[in-house]
Every structure is written in structure tokens, then in C-alpha cells.
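Got some structures for you, see below.
Next come two complexes, and both contain subunit A; in the first it sits with subunit B, in the second with subunit C.
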Partner chain A sequence: MALHFVRSPVVSSARALTARVIGFVLALGLGALVLGIAGFDSLHLGRQIIVKSLGSQFGLEDLGLLYTPLLLTGLAVTVMARMGLWNIGADGQFYLGAFVTTAIGLFIKGPEPFMLVLMFFAGAAGGALWILVPTLAKAYAKVDEIITTLLLNFVALLLVYYVATGPWRDRVSGTTASTGRVPYKMPDFFGSLHWGFVIALAAPILFALALRYTKWGYEVRLSGANPDAAHYAGIPVRRRLITIMLLSGAIAGIAGMLEVAGTVHRLQGGISNNYGYLGVMVAVLARGSALGVIAGAFLMALILNAGIILQTQGLTTSAVLALTGLIMLFTAIADQFAHYRLVRPRAATA
Partner chain B sequence: MIDLKNINRRRFMGLAGMTAAASMVPWKVRQALAATPLPAVKEEDAIIGFGHVGPISDEGWTYSHHQGLEAVKAAFPKAKYLEVENIPFSADCTRIYRQMVSDGANMIFSTSNYGDLIYEVSDRATDVAWFECDGRRPADNLSGYYIQHWYPTYVVGIAAGLLSKTGKLGYVASFPVPSVFSGTNAFLMGARTVNPNATLQAVVINSWFDPQGAKQAGTALADNGCDFLFGIMDEAAYLQVAEERGIWAAMWNTDIRRYGPKAYVSSIVLDWKDYYVEQVKKRLAGEWTGGEETLLPMGKGIDRDAWGERVPADVAAKADAVRDKMLKEGWSPFVGEIKDAEGTVRVPAGHRMTEDELYNWDWSIEGVSGLKV
Partner chain C sequence: MDIITGILATAVLAGGVLALAALGEVLAERVGVFNLGVEGLMALGGVTGIIAVTIIPNPFFGFAMALVVGLVFGAIFALATVTFRANQVLCGLALTMLGSGLAVTVGKPYSGMPAKAQFDKVIIPYLSDLPILGRALFSQNILVYLIYLIIPAVISFVLFRTRHGMNVRAVGENPAAADSAGIPVTLIRFTYVTIGAALGAGAGAYLTLAFVPSWSDGVVAGRGWIAVALVIFAGYRPFWAVFGALLFGVITALGFVGQARNWPIAPPFLSMLPYLGTIAAMILPVFVWKRLRLSFTAPAGLGIPYFRDER
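The block that comes next holds the complex of A and B.
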């Protein structure tokens, strides 16, 4: 009797996780095999990655600094995914958060703690402002948010390039295409790792709690699961959609604020480092769970950090990109496979 | 009495200017200050890192630095080497250099200027010898180095002025930074010596390596009537545009005429080998101190490439006559009066721009458009 696959629509977390782990291990195995054929000592490389990212102060600092923006952009995408929406514009909102933070840092003078608080809220407002038009277009005209949020990324990038190489250009060192140094700095607590990391780590937890234990959270969950039923139940779906989208933008804006105030201290074209787009990958890894973002962003930070270590070990960037892609591909395949179960059809009765 | 500790750079330039002869070969723009040299390193213990802005396969900027690294490898085969390509202008840059330091690097060459993203690491890793190409903030453990590209650019500009029929020159620019200002200004100044009505239009594409963006910019410039394209890209994309459109182009970094043999006029070619080998030698011998700013002069690190196959002999000869004058007599064309794009006199009559002024040029001369900051 032939075996066959049956698709089940719901997957338990344990099953999903097992599939993920298998996929991840297979991807690493395949990568190691290819590297081995190319003449690299894969085991040595693997050991280097673990020792250098988790076994040294430098490695942990770097990991933390990568982890911080990924937590927030991953959360920004996940927040909207709870309403069944895709925020592909977290990169643009990140840029706007960084832009507003820099504007305040460069042109307003004040005591540092006050300035940091001001920059924090301004960064959030900047991110929210950048998603305002897509939000209103979605809420009132049903315009696809994927397109509008994506396209605004390019506008934000050009805006940042314009001010960083034009009116706000650094006139002290006058070399790189960046603004002057922002004089207010998030305090460090572990080498160069700053308190922004703690904020970023707290954000998904706070959101998960709000979603789980507040009326607002319940309404958001219901609106995301079934907008028609939610509407019928008297939930103001449109208002929830607007707050969720603005919140998503604000979170990505905070990521930009922390990158300026904590890590880079200047505004420049490359500052987003694709964190907004990587946030989409984190959200996919997190499977719509706010707490899953903590794990997904960690894995992504580890992969990116491994990429840097591998480059100093002689691998080209293309090889590193291919490895990252391989891991993502296998994760996606594993997610699908988790839905399937191998079944032996029961013997026909009569 | 000169206080060496608190000397500022401008003042130092003045002092250096007084002592240096008025030639075009101030090999060192800024000498190392009285710092103790870093201790000697045995060749087999040396770990030397190189970080690049683009891919080695660009056949341009990054490739030229990679050739420099190859020369160092040949000279010091027992040392270990780390090389990373495609470093972005983000905190990733800091991470990569921090990784090199934790891998034990004794010397790190950043072949592009990342500014603070490097200093974040270099200021803490004081036992490492650091180099920042096009850098402008030397420290006891960090030297800047670059090339006096304005001289060969002026020479190629003369050829452009002679070859262009419309007098409209196009320039594919990365960012509005000093290299681009000195490049566009020198190029147009050269062209104007033979065609006083020549103008230059620049398009900024916000990248050093973006073949697609450079191609679009080149096409737009050609559409605007430019019949000579120049630029400062790490690769050859706009040369291919010029070849297709039947116009002229001059390039940077290496001889890449094979991508457009008919359009190719010349290139601002780079050679970092001697500089790199010399610096590594000093570090290993325990004689290296930082704090320098070196601008490699024409003939020793930078030059024009052999002329393209369709460049008429008289054009080449006219441009080369000026090159000879620069090389033999130390002649400089960058003498006032020079006005900016608004018509204000920025270099007074008779003043010869110093290498430092040329290196930090941050305004456009009359006739350049598209670069206002």
C-alpha cells in the first residue's frame, strides 16, 4: 500500500520548531560540504564563528549591536502582520527616525538625558509620520500597503543622501558623505553596547503583553484574524488598523533613532544597513509572534555576524550571501514541510 | 617655540609649506609627528588586513588596491593576510575592522574613507598601524594616504577640450566630496585652456560602485548633448554607454579600454604597490609611526593611462606637453584667479593652490553644474 502526504492546516509549535532545526542543520551541512569541496576547513570555520561571536567580549558586543535594530525592525513588521498587513517600508521608517533624531541632535541644545528622551520620541514620531500616507491610503481607499510602504523607502533614502551630502554635510572633517557628529550619546553598559539594546529587547515583550492582556490587544487580534467578524462585533477595525500601522512605523523609527544615538552617531546614506528589509526576514522567522521576534532576530544577528567572521577568514561576500540565502531557503522549505504528515492509508473496510 | 603636541593641522601645513620647495612633489603633505614607533613585528607573526569598498572583481578601484596587496604578499610571503570586500558605510564597517583587530591584525589598510566608523575601532586599538585612503584625520596610530589625481585629470581634461565638439562635458559623480570637486574642477580647467566655452555637467549617483546607476547617469548626460563622459566610478559602466553612443570617455583606476576601445581616451590610473610595500616594511622593522597624510604624486602612484586608439596624435601630444611641464618643472595650473560657480573669486590672483587646498577642494568652479552643496 502506497504511503502519501497529507497536509494539515495547523502546525503545533513543537513540530514547527523541529522542522526548522532540521532545515537549519541541513542548510549548514550543505554549506559545509560545498565549502569543503572548495578547499575550506568547514569545521574550523564553524568553530571560529561560535568562538568569535559568543566567546569573546568583542563578539558579544557586535552581536548585541546587530541584534538591537533587528529586534525593532522585526517587531515593526510583526506588529503589522498581526493585522494581516505587510510593512515592507521599515527601512524608510528607520531612515526617517534617524533623520529626525539627527536634526534634533544637531540643531537643538540641551542637557543630555532630556535630549535623548526628546530624540527617542521624535524618532518614533518620524517613523510614524513616514507610514502615515500609506496608512490613510490603506484605511480609507484600500490602497495596497506593500507597494506604498516599499516605494517610500527610496524617497527616504534620497532624503537622507540629500541632507547628509548637502545642507547638513559635515564641515569639520569634510570627508565622508555624512552629517556632523550628533553630540548626544546613548550610555554604554557593556563595552560599546548601549542601553538601546535593553529598550529593543523590552519592546517585543511589552507588545506581546499588550496583545495578550488588554482590550486593545484582543481587538487587534480579532481584527487581524477576521476583519468582518470583528466589524460585526462592534470593533472599530479601521481605527485599530490605523493605530497598528502607525505603531509599526514608530517602532522602526526608534530603531533608526538608536542606530544614530547609540551606534553610528552620524547620519549617512548607508546607515540602515538593510535592517528594514532584514526585519521582514525576522518577521517571517518569528511566524507572527512578537516573542518569536526575540529568537528570530537573534538568529539573524548570529548569521550576519557569522558572515563578517567568515569574510575575515577569506570567504568572499558572495559566498556569505549564498550561505545566508541557503539558510533562509531551507527554513522556508521546513516551514512548508511541517504542514505535511506521512500517512499510510487505513485498509479499506468492506 | 613650536608646541608639537598642540599644533593644528592648518598651522602645520603652513610650516611645512615654508620648508618644502615650491614643486608639485610634496610627497608628504603632513609629516608624522613625534610619536614613538610601534614595536617591530616578525614577518611570520605579522597579520595584515585590507578592507575594500567594492568587489575585487570591479577591475577598477578595489582591484588596484588588491594589486597593491598582491605586491605586499610577494614581498612578505610569510605574513598572514585578511581581505574583506564590499564594506558598507554602516556600523558593519566598524564590526569588520573590530573583527580584524580581534583576529590579531598588526596593520590594517582601509582602502576607502569610512571616517568615524574606523576611528571607533582604531582609537581603541592603539597597537595596530592603521591606514585610511582619502582619510583626513590622522592620529598617532593612523595615517591617511591618497593621490594627487588633479594633475593627470587636468591633462586628460585638455584632451577632452580638444575632442569634444559640443563643448559639453559630462561627469558621473559618486558623492559631492572633495575628490569629486577637485576632479571636476581640474578636468574643466584643462578643457577650458583649449575651449574657453566648455562646461561640465555632473550627475551624483550616491555610490562608488553601482554599474546600473552609472549607466543611467551616462545615458542621461549623453541625452543632454554631452559628447565626452568622465567620472569617478570604480567600474566601467559609463564607458560602455560612450561606446554605444559613439562619444568619448575617460575613466579612473585601471586600463579598462577593452570595455569600449573606440570611446576610450585615457584613464587616471592608480598604483599603490610601492606605497604599501614601503609601509609594511617600516612596520615590520619597528620604524612605523602614524599621523602622516601622504598624497602620492603624478608618476609615483597616479598618472594618465596610455592614450586610446582613436585619440589623434596631435591631441595626445598637446596634452602630454603639459604633463611633461608638470613632471619636469613642477608646474601647476591651479593658480588664481579662480572663481566659483557663483562668480565669487575664491583663489586670489597669483596664489598657487597648495596640495592641501587641492585635496580639500569643496566648491565648484565657474562652468560646473550639478554639484552645488
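The block that comes next holds the complex of A and C.
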């Protein structure tokens, strides 16, 4: 017999990580090759990306502004992944969080600290509200959450598009595609980076602690690992599922709130910048670990920032989306390849 | 009367996009593979169709090239999910991102231009003179007849009336049992996923060569996802999928009519109808027809990679 592959059901973290790095490098290599054929100088582009995003304070601030929403949408998807569920609707929940925040910012007057707290909780409530129907449908009728959460993204986008170009249109500066400026602003933390960054960085840590050290966290982990066993042990699985899904929506809503109150300061059609979909990618990179989100979101922020730098060199956001898809495909394959080991069978004994 | 004919005609035309994509997804899910990449495949097919007819102005050439591109990307997806057994949800989402991103990048120079060639109406004599239904059903482009009758009939016949079809369904229901009966599980999964993906890309070409007919950035607009939802709604049955697609065609057509006739509802809200309708269609039947849902359940092996050594 010749060499053959044997599959092992469990993989060590080192093997998994090695497989991923190889997958990631291959995906980037393939992307660079395609860009090279299209007439771009891939090596030069790569150097530009590293120098511009990590080499200056402006670069780091921009990176932080991209990192903030990705931390939260990545966490939102991860929270639900802990229960074996997919939230592909973080984009819509993000839009709703931004929508509610803008509504309050434009139409209610009050002292800034109070208003920011109000906007924070309203943004969370908006995101949770947007996932309410998929949650109830999943909990009481076992309707697939992937599609219901996803379809609501389109509804949210249309809603935001409608208010931003219609009733809430900016009448001062005359732009047609966004609302007026929201007068309440998250205080700055580092240069143009606002305190929302700290909130976004703390969120995965808080969730990891809650999961590890509280009874609720234990019940969530058990319900995710084996719903039948959890039910048998007397854990209210359905109630945990509902809270987890609403929490996931709320986190994505907060991401939208921070984007309006901290970074963009107004509501516009493309405000989500695909953060919800990229959050799925972050969760995949994080392998369901809340702390892994911190690393996964950083990598995704680097890729996204690279995309913005590439745009100045003549590439589009859609090229970045395609590259992200390629990386995700290679990551998924690499995760599977990590299970295989090349085995040389011992010589047959007679 | 004219308004009903108009709505029906648009509904048939609009529903065709969803029907073809849903038929492709039926093939993939019947063999146990959940393809969430339909949205990306449709974008790729749509842009391929437009580019192809710019080179050779013949809609059949455009449609055929879209099928080829669908086969290629379907084979890549099948290689990842069937041969390598990678996570189907992830690979599907990756295919959607890759396909949508690639299509928009490649299609940039063609964005907004009308298609250089498009499918013409094929008027069926006598039948098209029928009152109300005649113009709606029998004065459509040739793909409509293919999508609503011939393709679902062929798929139904193969799946439910042949020995091969029984093997195919067995692979989706219980791959381990199929494998021990000597059915080539991996080959059948690979083939049907790839053909299904080609139909998805074909739906994209139908969109840009027969329905819109032009290419622009957001032209697919979630239709791939609605098609995936339709398959669940249709209980994985080809003719039900086509019927469901027609229902959604009606919803889409109502939105168009509303905009054309200045109904007092803002256009974005009319555009929400297909998405809200899909969600309603996924939730309501569970409560209304509980008995029906039992026979409409998903293939038992759906979404689970098959490992022979873990049998």
C-alpha cells in the first residue's frame, strides 16, 4: 500500500492554525496573481498597505475606526454561533441600530451624556427588535434563521434608504443621500478614534467572562453543545435561545449606534459598509470563541483597510469583497484539511 | 382586465428568475448539499451573459456562457463541499461574496448599458389569443416555457420516476446507506451540485438578458436568497418551486404596478414586499398546514458532509 490520508476527528490548535495560515497565504497569493495578471504591481500594493495602515498615527486611527464595528458584528455572529445558529442578518440589525440612533439624535433634545446613553440603549433595542421575528420563528416554529435574518437585511436597507433620501433628507447642505448631522458625538479616545472602540473591545471580553463564570453562560454553552441533553437536565433551552438571539441583534445594533454617534454622524444608504456580512467572516476566523473575535476582527480590519488603500490605487470595494470571499473559502477548506494526516502504513507482517 | 393581464405577464417574467435559481437549488439540496452561494452565482451568470452578448449579439450564446461559468464555479463549490467536505454554510457564503464581488468588479465597464441582445417573445399561435391569460402566459420569451414547464418536468421525471432518481434521492436522505448499496455518493453529489449551480448562473443571465435587461451593481438584489427560501417553502419539489416563484412574481409585479400607477405608498416600501412575503411564506405554513409540512421536510442528509470512515 502507498501513502494515504487518515482523518482524525479532533484537531490540535497548532495544526488548525497552521492549516489556516497556509490557506490564508494561498488565498492572498491567488488574489495577488489575479491582480498581477490584471496589470497591478502586487508586491508594491502589499508594501503600500502595510506602510499606510500600520506606519502612521492616521493609519492606526483609520484602522481602529474599521476595527470597532467589526468587533461588534463579529461578536454578534459569534454569540449566536455558540448556540449553533447563524446570524446572517447583522447588517440589517446594524442598520436598525443606526436608524434608531439617528431618529433620537435628530428629534430629541437633551444634555449630551444623557443623550448618548439613551442612543446606546435605543440602538441595542433597535437591533434586538430587528431579529425578534426570526427569533420567535426559530424558537416556536423551527424556521431556518439563516434566511429569515438575511432577508431582513434588504428590508432594513430599503428603510434606511427611504428615510435618508426622503423625510429625513439633509436640507442644510443639500446632499440627497443622507440625513442631517446628528448633534451628539461620542468623545474621542485617541486622535479621531472615539470611546466606542473601548466599548467594542470590552464587549467580547465581557461575553467570554459571562459565558465562563455565570450559570447563564454554562446553560448557554450546554444548550449549544447538546440541546437534548440540556433540555433533559432541566435547562430552559428555548428561553436561552431567545435571549441569545436578541442579545446578538442588540450587539449588532450597538455597532450601528456607534457608527452613527462616533464615526459617520449621519445616516446614509451605505452606512453598514457590509460590516454585518464581514462579521460572519470574523466569527468564522474566531471559531466560535468570543476572545478569538478580537483577533479575527483585527485581521478583517486590516483586509478592509487594505481595500480602502487599494481603492486609491484603482481597485474597487467589490474587489475586496471578492478577495474576502476567496479567503473565507480557503479558510473553510483549510479547517477541513487540518483533520487529515498523511500516514505511511507499517509493512504488512505475514 | 388589462391590469390583470399586465400583472400576470410581469409576474410570469419576474418569477422565471426565481424559478430557475430555485430549480438549481432543488438539485443541490436533493443530494444533501446546502448551496448558499446562489446569490453570487446569479451575479456571475448575469454579468457573463451581458459580456457575452457584447461580443456575439445572440442571447442564446450569452445564456450558454453563463451556464458554463456556473459549471466552473459550481465545480469549485462542489470540490470544496463534496470532495474536501468543508462546511457548506461557510463555502456558500464565501461563494456569494466571491461571486458578487467578482461580478461587480468585472462588470464595471458594462454597468447601466442596455443588453446588446435579448430574448424575444415567442408568441404561441391561438393560445396567445385567449382572454386575460393568453398574453400573460403564451406571449413570453422562450426561456419562460423552458423554466416553467420543460426543466421542472425533466427534473421531476428523473428524480421521481427513474431508478437513477431514486439513487439520487437516497444520497440526499441517507448517504451512508446509499454508499453501502454501491451508489457513488461523491460522484452524484458533485454532479448535481455542479448542474444546480449552472442553473443558478443561468437565472442570472435570464435576469440580465430577458427581464431587466441590463447589468448594474445591485441587480440581483437578494433574489438568490429568495430562491433558497423558496426551495424550503416548496418542500424540495420542482413544480412547487416553480409555483412558489410565480407567487413571488405576482408580489414583485404588484410592486411595479404600484409604482407605475402612483399608489400612495413610497416605492422603497413596495420594494420590501418580496422579502417580507418570503419571510411570511416561511413562517405561516408551519402554523396553517402542519400536516403538509410533515411531507415537505428537508432531505435527512441535508447540510451534513459525508465521511465514509465515520459511518
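By definition in this document, the second predicted complex is superposed on the first by the 315 of 350 C-alpha atoms of A that agree within 3 Å, B and C clash if a C-alpha of one lies under 4 Å from a C-alpha of the other, contacts with A are read in each partner's own complex, and residues count from 1 in each chain.
One rule holds for everything that comes next: contacts are C-beta pairs under 8 Å (C-beta built on N, C-alpha and C of every residue); 3 or more make two chains touch, one makes a residue touch a chain.
This structure is a prediction, so every number in the text was calculated from the model and none was measured.
Of the two partner chains, both subunit B and subunit C are touched by A:316.
Shared-chain residue A:150: touches subunit C; no touch with subunit B. In the superposition on chain A, A:118 makes contact with neither subunit B nor subunit C. Of the two partner chains, subunit B is the only one that A:273 touches; subunit C does not reach it.
Shared-chain residue A:324: touches subunit C; no touch with subunit B.
Of the two partner chains placed by the overlay, only subunit C lies in contact with A:333; subunit B stays clear of it.
By the touch criterion defined above, A:166 lies against subunit B and subunit C together after alignment on the C-alpha atoms of chain A.
With both structures placed on the common chain, the touch criterion links A:137 to subunit C but leaves subunit B unconnected.
In the overlay built on the shared chain, the residue A:9 is in contact with subunit C alone; subunit B does not reach it. Shared contact residues of subunit A, touching subunit B in one structure and subunit C in the other: 158, 161, 166, 316. By the touch criterion stated above, subunit B contacts subunit A in their complex at residues 49, 55, 82-86, 88-92, 94-96, 98-103, 113-117, 120, 134-137, 175-178, 204, 206, 360, 362, 373.
The residues of subunit A lying in touch with subunit B in their complex are 52, 56, 58-59, 61-62, 65-66, 158, 161, 165-167, 169, 173-178, 181, 192, 259, 263-266, 268-273, 305, 308-309, 311-312, 314, 316-317.
Residues 36, 40, 76, 80, 84-87, 89-91, 93-105, 108, 217, 221-222, 225-226, 228-229, 232, 266, 268-269, 271-272, 275-276, 278-279, 282-283, 286-287, 307, 309-310 of subunit C touch subunit A in their complex.
Of all residues in subunit A, only 6-7, 9, 86, 88, 133-134, 137, 141-144, 146-148, 150-155, 158-159, 161-162, 166, 277, 280-281, 284, 316, 318-326, 328-329, 331-333, 335-337 touch subunit C in the complex they form.
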